[in-house]
Each structure stands twice: as structure tokens, then as C-alpha cells.
Amino acid sequence: MDYRWPDEYLAFRDEVESFIHEWRTPELLAEQRELEGAPGPLSRKYYEALQKKGWMRMCWAKEMGGDGRDPLYQFILVETMEYWRMPYGNLTFTSVAPSIAQYGTEGQKAAYLPGIWNGELTFAIGYSEPNAGTDLASLRTKGEKVDGGWKVNGQKIWTSLAAHSTHIWLATRTDPDAKKHQGISVLIVKTDSPGVTIRPLQTVSGLKTYETFYDDVFVPDEDVLPPLHGGWSIIMHALNHERVGLSPTSNLARNYDVLVEYLQKNAPHKLADPVVRNRLAELRVELQRHRALAIRNAVTIARGAIKPGEASMAKISGSELRYRITTLAMDIAGRAGGLARDDARSIEGGLIQNNYLASPILRFGGGTNEVQRSIIATRHLGMTR
Amino acid sequence: MNPDLSETQSLLQTTMRQYLETEIPFDRVREHEEKRVADAELWKAMAGQGWLGIPLPETVGGGGAGLVEAGIFVHELARRAVVVPGAEVMTAAVMLARHADGDESEILAALVDGNAIVVPAHLEAADDLEKVDAAVDAEGRLAGAKHYVDYADFATHHLVTARGTEGLGLYLVERSAPGVSTEALRSTGRTPQAIVTYRDVPARRVAGEAAVGQLIDLARTFASTQILACMEVSLEQTVAYTNVRVQFGQPLAAFQAVQHHAANMCMHVESSRFLVYELLDALEDGRASSDDAALVKASLSRAVPEVTMLGHQLHGGQGLIEENDLYFFTIRGKDRALAWGSAEECLAILARDVETPPRWL
Amino acid sequence: MDYRWPDEYLAFRDEVESFIHEWRTPELLAEQRELEGAPGPLSRKYYEALQKKGWMRMCWAKEMGGDGRDPLYQFILVETMEYWRMPYGNLTFTSVAPSIAQYGTEGQKAAYLPGIWNGELTFAIGYSEPNAGTDLASLRTKGEKVDGGWKVNGQKIWTSLAAHSTHIWLATRTDPDAKKHQGISVLIVKTDSPGVTIRPLQTVSGLKTYETFYDDVFVPDEDVLPPLHGGWSIIMHALNHERVGLSPTSNLARNYDVLVEYLQKNAPHKLADPVVRNRLAELRVELQRHRALAIRNAVTIARGAIKPGEASMAKISGSELRYRITTLAMDIAGRAGGLARDDARSIEGGLIQNNYLASPILRFGGGTNEVQRSIIATRHLGMTR
Amino acid sequence: MNPDLSETQSLLQTTMRQYLETEIPFDRVREHEEKRVADAELWKAMAGQGWLGIPLPETVGGGGAGLVEAGIFVHELARRAVVVPGAEVMTAAVMLARHADGDESEILAALVDGNAIVVPAHLEAADDLEKVDAAVDAEGRLAGAKHYVDYADFATHHLVTARGTEGLGLYLVERSAPGVSTEALRSTGRTPQAIVTYRDVPARRVAGEAAVGQLIDLARTFASTQILACMEVSLEQTVAYTNVRVQFGQPLAAFQAVQHHAANMCMHVESSRFLVYELLDALEDGRASSDDAALVKASLSRAVPEVTMLGHQLHGGQGLIEENDLYFFTIRGKDRALAWGSAEECLAILARDVETPPRWL
């Protein structure tokens, strides 16, 4: 037992922080605001620099093209980047690429991995459907076998970044007669394929997402991940890859820090109010409780152990705390706390208010908290199903 | 002890609800919301229905009804999330009517037919409801700034709290008067709000210091009423959605965890409804104190994020997309939770008197 | 709409308060403490006086021997008595007697009602079994038809007051072949019948309850409530009778008042602490939220309407608030708040601490809060079962 | 970053757990609890096992281990709810060892073999941990009163906080000295506690002002450790019970609402375990501040009522009967939540420094 972070991890954190301070310029932030998260010229440059650092694959096995570093480095990367809300890789890197590396054919590896690494290829994830959200396995988008490939018909929602991606990583029912969890394959679909339609969806927190429609879209056989009809385990495996830093403490703590800084500058009388200080003390306690679950989960994953209950706990804790911190911070700041990010007077670009509106996402995204709680009960505590 | 609406009150509720649901599609609300402008056409139409004068004396063409009826008006508007200053104008109108001498009958009549639109302007700089630096000099000229003024530009007049030669009071100011300038704000609720600056603006004193507290209590109570409406609709939409949305082979509504979330939402809604109407009923004849108004606002301001976030929890991704109608009530609800005293500010008011035994009958 | 209590109700409250102040002597309180709720000489006298007031049957229909008063009088009686924790009738009066009056044979009415009214007969309720708690209908205590009556075998728990009662109101399976909710009858069993064994059970909060065992206990036919095998509806009916005042606000408010009084006398610096005052303000809000649900439910029942969801809301709200008030009050009072009622220094006879330990009871008693929440969802909100 | 017990630490945990589960039936705990007297026989036996000297130097016969090991000792005792001053003696022993000069080696050795039992005596009158009026005069005579002293009568010595001629410090006092009198208290936890009055009692100064803060931090941390144990066992018993208890035709554990309650309990337990051992580990080499100890205590003191009450919720009537073992952890847990600073008091400590950014790595 030793709860200290060894020096090499702390040195890595410092390195990441230096990198952030170098790149997080007002110009980059302005570009991000303007393009609503889509890649612009500055963020492309930033991504290039990030890729040069090699951090995106640092925890992969050497034989898969990585550095074979301890996954706790990934944890530290995520925590440090998330504090400043700097992008550090998306599902293309954390989910698609490892899946191709592990399951893909040699041809697929050659066709996609280099392009992913140099940033030319980006993937949107096509899992959710209007009637298959939490119950993902009931998806209906179907592929019919045709000569040399598959003809795909169906509809996906929450295909985030679809309009800015070159490909869609599409969960498709390829065997309609198999049981629910079987008969699903992962297809790699070019976004400019004939028959693909992308429709933007505005969400309440400003995040743009997309609905994607597939009308007789042709996908060649070589773009089907093997094993055919065995997509469910690929999907599950891919989700597991994200879990070392699945619920950062730092970006929750950032809301706290932003509030305190605002009060120091604009409402010192409130910061002097014993009741406000007590509420802040309560938030500090909650942040540490969450931090405990987040690190506990990361350590387990870093060891290669599998304890789904720990990931579920970290995920529930972080997603629910996001709501509590932000709603309280808005109350403390009063009407100033309600200013949105499109108002120049808003606190730190409306960060807290925006986090409030976005807070439901993680409560259902990546498996609803209801499902997570049942996972804790059955798989961590051994309760009867 | 009868917490239910009378027949006349029910009729008003039903009439308004049917009218708004029929006449105002949510997409029309989206249009006004996006532009941050009030729905002037709806306002005009409501004047035609005779609703704008509900609590005003019959002598000026009003409905001669009370605060409960005014509350129903505010409640129904909030249920449809329409972009009109219902709560604001009711607050100002009741204050003007209460302190009416001969001078006021003209503006009261104009309020009834929708030609005058009066909104309160109270809050200054920080979120401290007790701070009033705006001042009216001996010549009756107002100088000062008011923040987060709802519907400042749609209004024809502002009812401004300020310090004059006779002390703190309410002053009536014309929006179009030279020296009144506004700067738009973009808030969570997406309704029009602004910072208003008054530079040497003619202002007529209409009520004294006691009225300032009354104005806050009333505005706070109507804000609570709006919150109630947001919670109600959020719950209704959630029940409807979970009854039809099938996951894992059964409607979401049949899952125990989903039922329990909905039950928690429901307890907030039902207790809030009782508290809000009890307060309106008691404010009508002076039985309610400022503490009562603060207590109800504290309770509802805390409840509404809980309820609307549970609504989102049960809607999943569907509920976050702006094409779905759920979000109106999430954003309006939290906005009103911050208006006229957040839960924190209202609790601070209650904290002044904790020694009195709480009411239990 | 009129939220005022009309004068006649307030006058009744004043009458009840005067009565309480007359009877709530230190001697009576000492006797209650000593006998742990069992009847002693002073409380018998108190009950006599209470019965003379006629309050126990005041809301019954005149043809059932009552005064036909509006059930809101019962609500006011309960709230006023509960504030001072004075007994005002128990299940014998609120559950057994009305059931006999409504369902009993003429013989049963004649045999039991007068004795109940003059206090000679008291009933313990035998519903719960070791394996049939929330799922009451799965009870196993069984009656076998024998000549002239029934031979009863089985076991009950939570037969409160059994040792001080003359009879047990026993839910018994009389038709083993019927479906779960059918085949149950209510039997009136003398506690001194051969074969009845009563074993005390100590609970954490000091409340004593009893296990009762039935070995070949003979119950004559005339002590079976009609209709035979139709006991389920009697049981449900009886439970409904209690619901007008099922979750008083007053005894929750009493904890608040006791805490404030303690702080005023013993820790004025704490009462001056803005954080403590804020916590108390929060409790005031919660108390009013509960009061709203309690009155809402009472008004509905008083009108003869049936809205089970409202009773469930009041019940959940009150039972959960009891825990929150008491745990917080103990924290504010610090270690003084932890003194138990058997310590002479404890605050108001350990009232708050004792309420804390007793707080789980109502969360599962009378139908668990889990079941209540489902009732709200399905019966009040119309959610799919 | 390694939050898991080492092999040696695991061995200590397993050994103690097996020993206590085998040797100490819960009915024996009930007996001592009822009489409010410590289990002297168990204390003696534990001396035989070598456990009483775990964190003491090997030179006095101790185990030479650290606070984590002492924490495991406290943790395992609390899991069995045994009526012995494990936390209290570990606190005093560590303080004595830290400030040991030659004089202390004798009492340290006596602590190891169980002949000396030293408990801290700190709290006075109100629940204000900063108030120390007890005084030691120039002749080394102590006068004052200490409240809620755990195991005051079972102890051979009290380690008393008092003000002497050299300022605030820790003083060692013999329980059997004339002038020491006790008055028993009956608290929620049902373990022996007393008010102790010292009248002109010989007292030896063993450490100065800084040690008083250290003593509080340590006692507070062990109280948190005890709370952790209570939550753990409450959860374990609840899981076991719901897995076998059948209602409506299936085990309780299979109901979604039951699973969710258990999951909430579990999140408290798992986060608390991390925080407690992190704190013990950090206190060992001086990395932890008083704020850290207060934070952990605040967190666990709030968590334990939630967890134990959910345990009761899921046990129904069974859990409230004293024949069931669940209640031990309910009452001990809440008792320790109040000891050495309630959640409210610990939050007040944290509230002094809210400007420092919270730790996230």
C-alpha cells in the first residue's frame, strides 16, 4: 500500500501541463467556440503536435504499435487534459483504432491505422438508434448480403461528429435470424458513400450531434470487421478501452475552481459568507469521494484486472456529481450563474452553466446509471439477478 | 381547508390551457426564443381574451379576480413556455392597482387592453435583492441601472425600485423616454432579459417603501408558480414518454427504477402545487409573510433542477435534443430558480427566524 | 379554494391541546417510560377520560355509533396528539373496531364493541410473518376446519402489544387451495387460548414487540369474521381507515422544536452560527413540503375520495424526513445529541436520538416505501405496470 | 499509487478477522454492551496475539509497524463490534511513542502486554473540540473535567489534554489516582463512556501543544476507520439477507430498487475505504493535514447513517430486532459519527480553507 503518485507520473503530468499551456491560446479557444468542436486549422495543428507526443498510443502494447506504458499514464493524461477541457483524442483513437488493431484484418490495419495516426481519417460511432439506446443489442439497422459486400439500410442517432468524419463505425445486424446479441457486425462505412444522409441535431447544451440515415448503402466485404456476426464483443471490448479515465475528477474540480475565482473577483462578500463556505466545503468532500472511486477504477484497469462494478461506480459518481456541483454553483452565483456561453459576461465562457445543461448526458450515455447500479449489485456485490 | 380550484378557477385554467395548446405550437415558441423577442401577437390575443386584466378592478375593465386567478394565468403561460411577460406584468399590475389613486386608472385600463406593458425593474449589479442605489432626484428624474430585467424592451413602462426624496419607493418610467437604454443578456431561460440604464429619466412615484417588499414577494411567488408549471410538464412528458418507449422488451415505465424516479418527481410536483396555491391564497388577504414567500421559493428552486434532471434521465438522449419539447421546462425552470432570489438567497431570509416553531397544521 | 382552517377546527385543536396539558403530567410520562408503552394505572385513567371525550369514534357514521364528523377532525386530533406524543387510540380503535362494525356479525358486534369502547378489550394485530412481510398475502399461518371451529397453527411477528392485549386479530389461511389473495380469513383469537405463546422481541429503538406462536389453537366459528376466506378485503379496508393522519407533520416538527430549545438553553453560540441557522431553515422547508402532502391526503380522504398515491406520498415523505431531521439534529447537537433515553442528561428524554433509531420502522412498516413509490407511479401517474 | 494492502497487511487482516469471528460470538458482544463494560478477556487475549503493540517500536516489544497496520487493527475490531478500546489505545499509544523519551519506554512496554490501557481524554462540556480549560498547576496537579471519555473506567491511564505552565499539552494521569472520578453516560453506541472529573490529580506532561492537534487528527482518523467497518458489515449483511429473503416469489436482491439501494451503499463503502486508508498512509509520514483528516471524517460521518439506514430499509422488520446483528453497526456507526467531530464540526474546519483548489490526482 502506497497512495503516493511516483515521481515519474508527476513528471508526466507536468509535461502534459506544459503542453497545454503552450497550446491553449485565446485563438484556439476562439476557434473551438466558433466551430462548436469541429476541427479547424488551429486545432488540426494542435492535434498534430499531440500526435507527435505519442500520447495517444502510449499505453498500447508495443506489438500493437504503442509504447507499452502503464495505463495510469492514460489516466493522468485524461485528468490533466480534462481540467482544461483540451481535446486529447476521441473515440477514433480510444475505441476504433484499438479495435482495428486487435480484430481487424491485415488489410484493414494497413488501410486505416496509418490514416488514423496522421489525422486524415476520423470515425463517427454509429451504435445508438431511435429505438435501441440503452438496449443496444436490439438495434435494427440491417445489412443484406449482396455481391461483393453488404447493402445497408437503417438509421442511427447520436452519431456525434458524423459531419466531420471520413467514416462511420457502424453496428449493423447482418444476421436477422440470430439471437439478439448475435448476428451483429461492425461495418466501416465511408460518410460520402451514396445513400448516407447526415442530419444535424442541436442539443440543449449547445453540443451538436447527428442523425445518420442509410439507404441501400453499399459496404464492400473488406470493410466488415471479422468475425462476421461477432460484432457484439468488438463493441463491448471497445467500450472497455475508455474506462481507465472514464470519469475524471479534474473537470468537476474545475467548476469549483471557476466558481471560487468568480467569487473572489466579483463577490468577495459571498465568499466570506459562512454558509457559502460550508457549501464549498461540502463540495470538496464530494469531489474527494469521487476521486477515490475514479482512481480505484483506474488502478484496477491498469493492473489488467476486470471489475466492471468499479467502472460503474466511478461513472455514476462523476455523472451525478456534475449535476450537483453545477446546480449549486449557479445558485451561489445567482443570476450571473445563469448567463449562457453566448453571453460575453458569462462566467468563464458559461462553463458552469453549460456543464449543468450537459450534465444529463453522462447519466445515460455509456450505459444508463440505472443499468450501472444493477451491474454494481450483481457483479460487484454478487446479488441475485 | 380546501386546496382545490373553484369552478370558475378551473374554467379559467381549462380555457387557457386549451387555447394555448391549440393556438401556440411549440415551434412558434422556438422562434421567439431563438430571437429572444416576446410573442407580441399572443400578447395582443390574450388582451382580446380579457386575461391581461384578471386581477385588476372591474372599474378599469379588469376581471376583478384575485391572486389565485393571476397565478393560474402565470401557471398556464409557463406550462406552454411561451415568450411573454405574464408573471412580470401581473406583478406590476397588482402593485399598481393596490396603490392606485386617481392617476393610475388610465394605465390600468391600458394594461387590460394590452397597450401598456409594465414590468418590474429591481435587481442591481450583484445578486443582492436588498441593494437599491437607483435614485430619483427632487425634479423626479431617475438615475441608475437595473440588471436582469425581464422583457425590458417589450415593455412600455418599467416599474423601478429607487430611492427618492420621500425614501425608497416604486417609480413608473416610460421605456421610450430618452435616457433609457438597454443591453441584452443571454440567460439560461432564453427569454428576453437586459441590463437597463436610466440617465436622467422622468419617473413618477407610485408607491412607498412597503410596496418594494410586496413587489418582491409577489414577483417571487409568481416565479415559484412558473417553476411549478415547469415541473408539472416535465413530469407529464416523462410519464408519457416512458409509457411508450420500449427497452429490453417492455415499456420503460414498467421498470421499478423508472417508476421510483417518477414517484420522486411526483412528490415534488404535488407538494409544490399545494405550497404555491396556498401562498397565492394567503398573499391575497395579507396572511402570508415575506418568510412564507421565501420558503416556497427556496423549496421550488431546489426542486426544479431535481425534477427536470430526472426527466432527462428517463428520456435519455431524446430529451436533450432541441426538437423534443422537454428542454423548455429544464431551462425555464432553472432560470426562474435563479430569478427573484435563488434557493440560497431565500434560505438566508428564512435563516433569520428559525426560533419560531414551524407550522404543522 | 381556501387554505384556511375554519374556526371550528381551530377550536377543536384548542380543545385537544387543553386536554393534553391537563393530562400530560410528569407522573404519566414517568409511568409510560417505565412500562415501555404498556398500560399502567395512570394511562388507564387517561384513556377513560379520552373515551369520555368521544374522539375515538367522532368521525364514524352515526349509524355505526359515531358522531359523523368530518374526518379532518381526526386529522387534527392526530396532529395535535402526535406533537406531544400522547396516545389517542391504537389499532384496536382505528382498525379492529371499525372492521367489526362494518363486517362483523351481530353477535360479534355485541360481543366486542362495548368492551372495546370501555377499554376492557384490546387487540394485537397478527398480520406479518417471518416470511410474509411486505408480501403479506403469502402468509402461511393456517386454520383447519374442525368441529365447531378452526384449529390454528403458525407464527406471527411484529404482533405489537400482544402481551398486553386480550385478543389477537389474526390473518389466517383458511383455504389452502385458493389463490394467494383468496382463502384468507380474519380470526379473533383470545391471547389466553391454549396453544398461544407470546415471546417478546426487543427492537433497537427500545420499542418492545412480540412474536406469537399458534399450536393447535382452537378458535370457535363465531369468532371468524365473515365472509369466510374473504379476509383480504377486510385487512385492506382496515388499513385504509388509518390513512387520514397516517404521517403527521407535528411529531417531525417536534424534533425541530426540541433541538432549537436545546440550543437556546445549552449552546446559544451554535444557534447563532449562520451555518446551523441555514440547516434549520432547510429543515423548515422540508417540513412544509411534507405538511403539504399530509394535508393534501387528509383532505382527499375527508371527502371520501380514494387516491392511494396521495397516501403513499405522505407516507414516504414523512418516514424519510424523520430520518433526515433526526440525523442532522444529532449532528448539530454533537455528542449530546447521541445520548440515549436511558441517560438522564439526554435531550428531552432522548426524543431525537430515539426517533433516529426508530426512523426505519415507517419506511417499511405499512407497506415499504418501494411499494409505495410503485403505487404512485402506477395508480397516481398512470404508468404501465 | 497502490491502494491495496500488502501481503503482510492482508495477513494481519485475515488473521484478526478469523480470530474474532471464531472466538467472539455476537452474543458475547451483547453481554458487554448491555453492561456497558469492556471485554477484558478479549483485551488480554489480544495482548497474547501481539496485536496491542502493532505500531509501537520493536525495542519495547511492539510490532514496529505503521498507522496502516494500526488502522487494520481498529478496522477489524469495529467489524466485530467488540467492546474494547482499540481505537482509543492505538491513538494514545502512537502519541506516546512519538513523543517518547526515556520515561515512556516502561508504559509502552506495558501497553504491548495489555497491562497498561491508555485512553485519550479531551472533550470538555460542549461539543467544541478547541476548548481546553483543564489545567495543570506548577506542582503538576491536574484539575478539570472531560466529557464523553470512551472507556474511561477500563483504562489504567488517561492521556489528558490540558494547559500547564509550559502551555497546552498532553498529560498522563493514572485512573486509580485519588481525585479521579467518573460518571457513566449512556450513548447511542452502547459502549462505555463517562464524564471524568480530575481534582488535584498528579499529571505528567508527555508532549506539547503540537501533539494536541496530532492526537485529534489521529483519534478522528481511527473513528473514521471504525465507521468504515460499520458500513462494510452493514452492506455485507444486507447483501446476504436480500439474497435469501424471498418476497413476491423472488429474492429481494433481484428487485431493481433493492439492487439500486445496495449499489448506493456500495459506493459509500468503496469510496470510504480508499479515503480512510489513503489518510492512514499519508498520516504515517506526515503528508496529511488536519484538513485531510477532517474531510475524511466529514465524508464518513455523513455516509454512515445513509448506509446503515438503507441496510435497515432492505432488512425490514428483521433488521430492527436486537436478535439480529445488524443493529450493532447502526448504533456504533452513528456514535462514531458524533465522536471526535461530527460532520458539521469537520465541515466547519474545511470551510476555513475553501480557496485552495481541490485535489484531483
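Should a chain be cited, it is by its letter among A, B, C and D, assigned in written order, with residues numbered from 1 in that chain.
To be clear about the criterion, a contact is a pair of C-beta atoms (placed from the backbone, for glycine too) under 8 Å apart; a residue touches a chain by one contact, two chains touch by 3 or more.
Only a predicted model underlies this, so the values are computations on that prediction, with no experimental measurement involved.
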- Note on the structure: Farthest CA centroid from chain C: chain A
- The pair out of B-C and C-D sharing more C-beta contacts is B-C
- Whole-Å distance, chain A centre to chain D centre, using C-alpha means? 42
- Task: At least two other chains touched by the same residue of chain D: list those residues.
- Result: 255-258, 260, 347-348, 351
- Message: Which positions in chain C are in touch with at least two other chains?
- Response: 274-275, 278, 370, 373
- Message: Per the contact definition, I'd like the list of chain A residues that touch chain D in the complex.
- Response: 1-6, 9, 13, 72, 76, 79, 83, 248-250, 252-253, 256-257, 260, 264, 271, 274, 277-278, 280-285, 287-293, 295-296, 299, 309-310, 312-313, 316-317, 370, 372-374, 376-378, 380-385
- Task: Within their complex, state which residues of chain A touch chain C.
- Result: 273-275, 278
- Message: Which residues of chain A touch chain B once you look at their complex with the stated criterion?
- Response: 128, 131, 133-135, 138, 157-158, 201-205, 209, 266-267, 275-276, 279, 323, 327, 330-340, 342-343, 345-346, 353, 356-357, 359-361, 363-365, 368-370, 373
- Message: Can you tell me which positions in chain B touch chain D when the two form their complex?
- Response: 255-257, 260
- Residues of chain D that touch chain A when the two form their complex: 1-6, 9, 68, 235, 239, 242-243, 250-251, 253-254, 256, 258-260, 262-264, 266-267, 270-272, 274-275, 277-278, 281-282, 287, 295-296, 298-299, 302, 347-348, 350-352, 354-355, 357-361
